[in-house]
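First subunit A sits with subunit B, and in the next complex the same chain sits with subunit C.
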Partner chain A sequence: MNSVSGFFAYLSACGLENLQFNYFAAVMMFFIGVYTMAASRNLIRLLIGLEISSKGCMLAFIAAGSAAGNIQLVQALLILMISVEAVVVSSGLILIIRAFRQQGNIDPTKLSGLKG
Partner chain B sequence: MIAPENIFVIIPLAAAIVCAFLNKKKSAPAILANAVIAACLLFCVISFFERLGDDWFYGEVVLSSFMLIIIYLIAAAVAFFAAFAATTKRRGSYFAIMLVITAGMAGVVCAKDFFTLYVYIEVVSVCSYALISFYNRPKSTEGAMRYFYLSSIASAILLFSISMLFMHTGATSYDALVQKILAQNDGAALNIILAVMALAFMIKSGLFPFHSWTPDAYESATSPVSALLAGIVTKVVGTYALVVVCMLLSIINFGIENNPIGRAVMWFGLASIIFGALNAQEQKDFKRMLAYSSISQMGYITIAAALATPLAMAGAVFHMFNHAAFKSLLFFCAGNVKRATGSTEIDSMSGLQTKMPHTAWTATIAMLSTAGLPPFSGFWSKFFIIAALWQAGFYGMASAALFASVLTLAYFLKLQRGMFFGKPSENISDIEEKNFGFLTPCFVFSFIIIAAGLYFPFIYDNFLSPFIRVLQ
Partner chain C sequence: MSLHLFLVISMILCSLAAVMAKRTIHAAIFLALVSIILATIMFTAQAPWAGAVELSVCAGLITVLFASTASMIGRGESYAKRESKIFRFLPLGLIIFGVIILCCGDFFEPLFANTHNAAAPSLTTVGDIIWKLRTPDLIGQLCIFVAGVLTVRTMLGEGKDE
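Let's turn to the complex of A and B:
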């Protein structure tokens, strides 16, 4: 507990407490997503990892907007980003459903129609 | 008042909406898509030549106008080929997706802002997954899946670098970045941001360490879709954006002397030139060999773009055009072979030129142009790239690029000898080529390759010298 409050004291001493903490959280979220993708052997979990990474990017955008003092523009960009994400995720889920219907499993290491 | 570039995005999108309702009709969607794309091609060629003499027509603007011409040229050929080759019952949906992907690519090259670039790149990517897996075969689902995951990771990385750019400059447009560069306060941060961006675009264009999706996606898609993907999609979403990033990098660092990120990208380019050429030697499938050849040619474009001298930039842009022409032609030839014989395995047939002479000679022209033999257009761009490398003092890289060009000739001659020339095998005794629609795009691209090679001064004066005017 002491070390955490010390960390915050350090950040506020730098004068950048919000930016640094927000951006740190966004980067952590991005890499949690990357770790999920690297560690799982299931296409759905891979997609979840991808989504966590994308949400990390959105947080990074918000942090950047509040640091640059232009939060209105970021709000507009975020709405566009969320709609683009919805399209991408639905197309990914369609591919996963097709793979399951055609081959009967969703393990990326067992999909081996293409080699060489 | 709509700016002229927006028309090239809006018209195909409007046509796609109409096309999507024509699923019951047999030939209406194909006619509509072909007419719209051909009209746009005509319009963008005319507007390019109209604006040629203007004072503000240089650098970035010429690049996007030139890319528009390439996009519509390849899209017109692919739509024409697909009108004959598509066997689906949902032709309305097929051509609607093709129109949307064309509009998306036009949007990518017209974008003046990194966030707009991201949105259009996602449009193009989603349409590519749909087109690759259109026929619902297990192989193509898997190819699309691999493309989906790697491309989405690249998009996430791109988005993160855009957020860093936003934090640093307060906006996401190219102009804001250039203003920041001119104000000269922090070169190091911009270098890091552009390095992350270059990483994302290298994944998208399928360079060496990130190439694993390329052969799968190209092999598993049908031939018109492979021609579209290899010919123009990866070039627009990956290499064009990489060229823009490399131009910005060279502006930040004032040339090549202290441009660490540019040097690093050059090494990636060199690695994929050699890796692609060596791996193509041992492929057993025509389309897979073409995919590895694509990786190798992308390396040439990248190495020249990252060098960013005027000569190298001209070489990179012209090689982009050439690669679009000859790789689409080769994928059309692969489609013709697949349609006639039912397979693209190199060992399973030989002597195809006795039965399919037109496919054989057009493929030979494309292969010789890829290898960079003098009468064809591929010679000039490779010559520019290697000369620019030598001029800038990268003697080792220039020699390696020249050597890899010989390797290109080696694997294509092997393919040509095994598949088209030689003694005809028994299993091809009853095949024939007769359909005019399948051969017309091949003839057109052969003509373009030979004409651009022979009349190179015309190409240089009209397309390349206005582009490099600002860089000198």
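Let's turn to the complex of A and C:
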């Protein structure tokens, strides 16, 4: 009974200030993204994996900034990170569309005819 | 259950749904949900500017870009069966990975020992700060490099005829 109530007490303490919990969640998200990037043969899904990894990093940033009491610096870094992410994703999607128009598929292992 | 716990669990579940969705348009919608939840976390963490940018750029612009790409490519996704086989075991793998991380938590503790000591006066050079104060960042960079190498290997590897 004590362990059950202790578990619920731990759950209620899983707030933004609980750095360990937030880092754990960030690592979980990073794992999902890396698994997708490593295993998928769909180029769009590779980009989605990259996005999910970066979301995990953002969660770790927010938790660290909140715990350190320096959320303004984290805000500046996050805005920069989001803009870089948008550029990377849009460029990647354009490349995917070009590859699909040339090759007829979005399997990275079958893009053997790209030249230039 | 605190609001933050609910948001974080929802974000992980939406991430899983995004990578396991059979259609790309569904994956884009789940990715937008992840962005919305992350923006909510930013708002609750007193970071409204970052939340607003996340909401407008990631949940708005990037979702539109993904949806447009999915509609342009149309039914060119002939890998749904193979993809669903690969991602069937992802939740189990995630649980195993989480248990390993929880069990090895003490092993990684020294990495974070100096992270909270941001005012350490002896660390003045960039090298000292990178190697001693920001060790977790260095490990993260290594993980990102490994992920990049895996992606390049996937792109350059020979595909098996199915």
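Just so it is clear, the second predicted complex is superposed on the first by the 95 of 116 C-alpha atoms of A that agree within 3 Å, B and C clash if a C-alpha of one lies under 4 Å from a C-alpha of the other, contacts with A are read in each partner's own complex, and residues count from 1 in each chain.
The working rule: a residue touches a chain if its C-beta (ideal position, glycine included) is under 8 Å from a C-beta of that chain, and two chains touch if they have at least 3 such contacts.
Remember, it's a predicted structure, so these values are computed and weren't measured experimentally.
Asker: With the two structures laid over each other on chain A, which partner does A:Asn42 touch: subunit B (first), subunit C (second), both, or neither?
Answerer: The second partner, subunit C, only.
Asker: Report for A:Phe30: first if it touches subunit B alone, second if subunit C alone, otherwise both or neither.
Answerer: both
Asker: Check whether A:Ser53 is in contact with subunit B, with subunit C, with both or with neither, and answer first, second, both or neither.
Answerer: Both partners, subunit B and subunit C.
Asker: Is A:Val88 in contact with subunit B, with subunit C, with both, or with neither (first, second, both, neither)?
Answerer: So A:Val88 only meets subunit B here.
Asker: Check the contacts made with subunit A and report whether subunit B or subunit C touches more of its residues.
Answerer: After superposition, C is the partner touching more of subunit A.
Asker: Residues on subunit A in contact with subunit B in one complex and with subunit C in the other?
Answerer: Overlap of subunit B and subunit C footprints on subunit A: residues 30, 33-34, 37, 46, 53, 57, 64-65, 67-68, 74, 96, 108, 111.
Asker: Could you pull out which subunit A residues touch subunit C in their complex?
Answerer: For subunit A paired with subunit C, touching residues are 11-16, 20-22, 24-25, 27-42, 44-49, 51-53, 55, 57-59, 62, 64-68, 71, 74-75, 78-79, 82-83, 85-86, 89-90, 93, 96-97, 100, 104-111.
Asker: Enumerate the contact residues on subunit C facing subunit A in the complex.
Answerer: Where subunit C meets subunit A, its residues are 1-2, 4-5, 8, 11-12, 15-16, 18-19, 24, 27-28, 31, 34-35, 38, 41-42, 44-47, 49-50, 53-54, 57-58, 61-62, 65-66, 68-70, 72-73, 76-79, 82-83, 86-87, 90, 93-94, 97-98, 101-102, 105, 115-116, 118, 140, 143-144, 146-147, 150-151, 154-155, 157-159.
Asker: Quick one: in the complex, what on subunit B touches subunit A?
Answerer: Within the complex, subunit B contacts subunit A at residues 115, 118-119, 122, 125-126, 129-130, 133, 136-139, 141-146, 148-149, 152-153, 155-156, 159-160, 162-164, 166-167, 169-172, 215-216, 219-220, 283-285, 288.
Asker: Taking the complex as given, what residues does subunit A use to touch subunit B?
Answerer: 19, 23, 26, 30, 33-34, 37, 43, 46, 50, 53-54, 56-57, 60-61, 63-65, 67-70, 73-74, 77, 80-81, 84, 87-88, 91-92, 95-96, 98-99, 102-103, 108, 111, 113-114, 116
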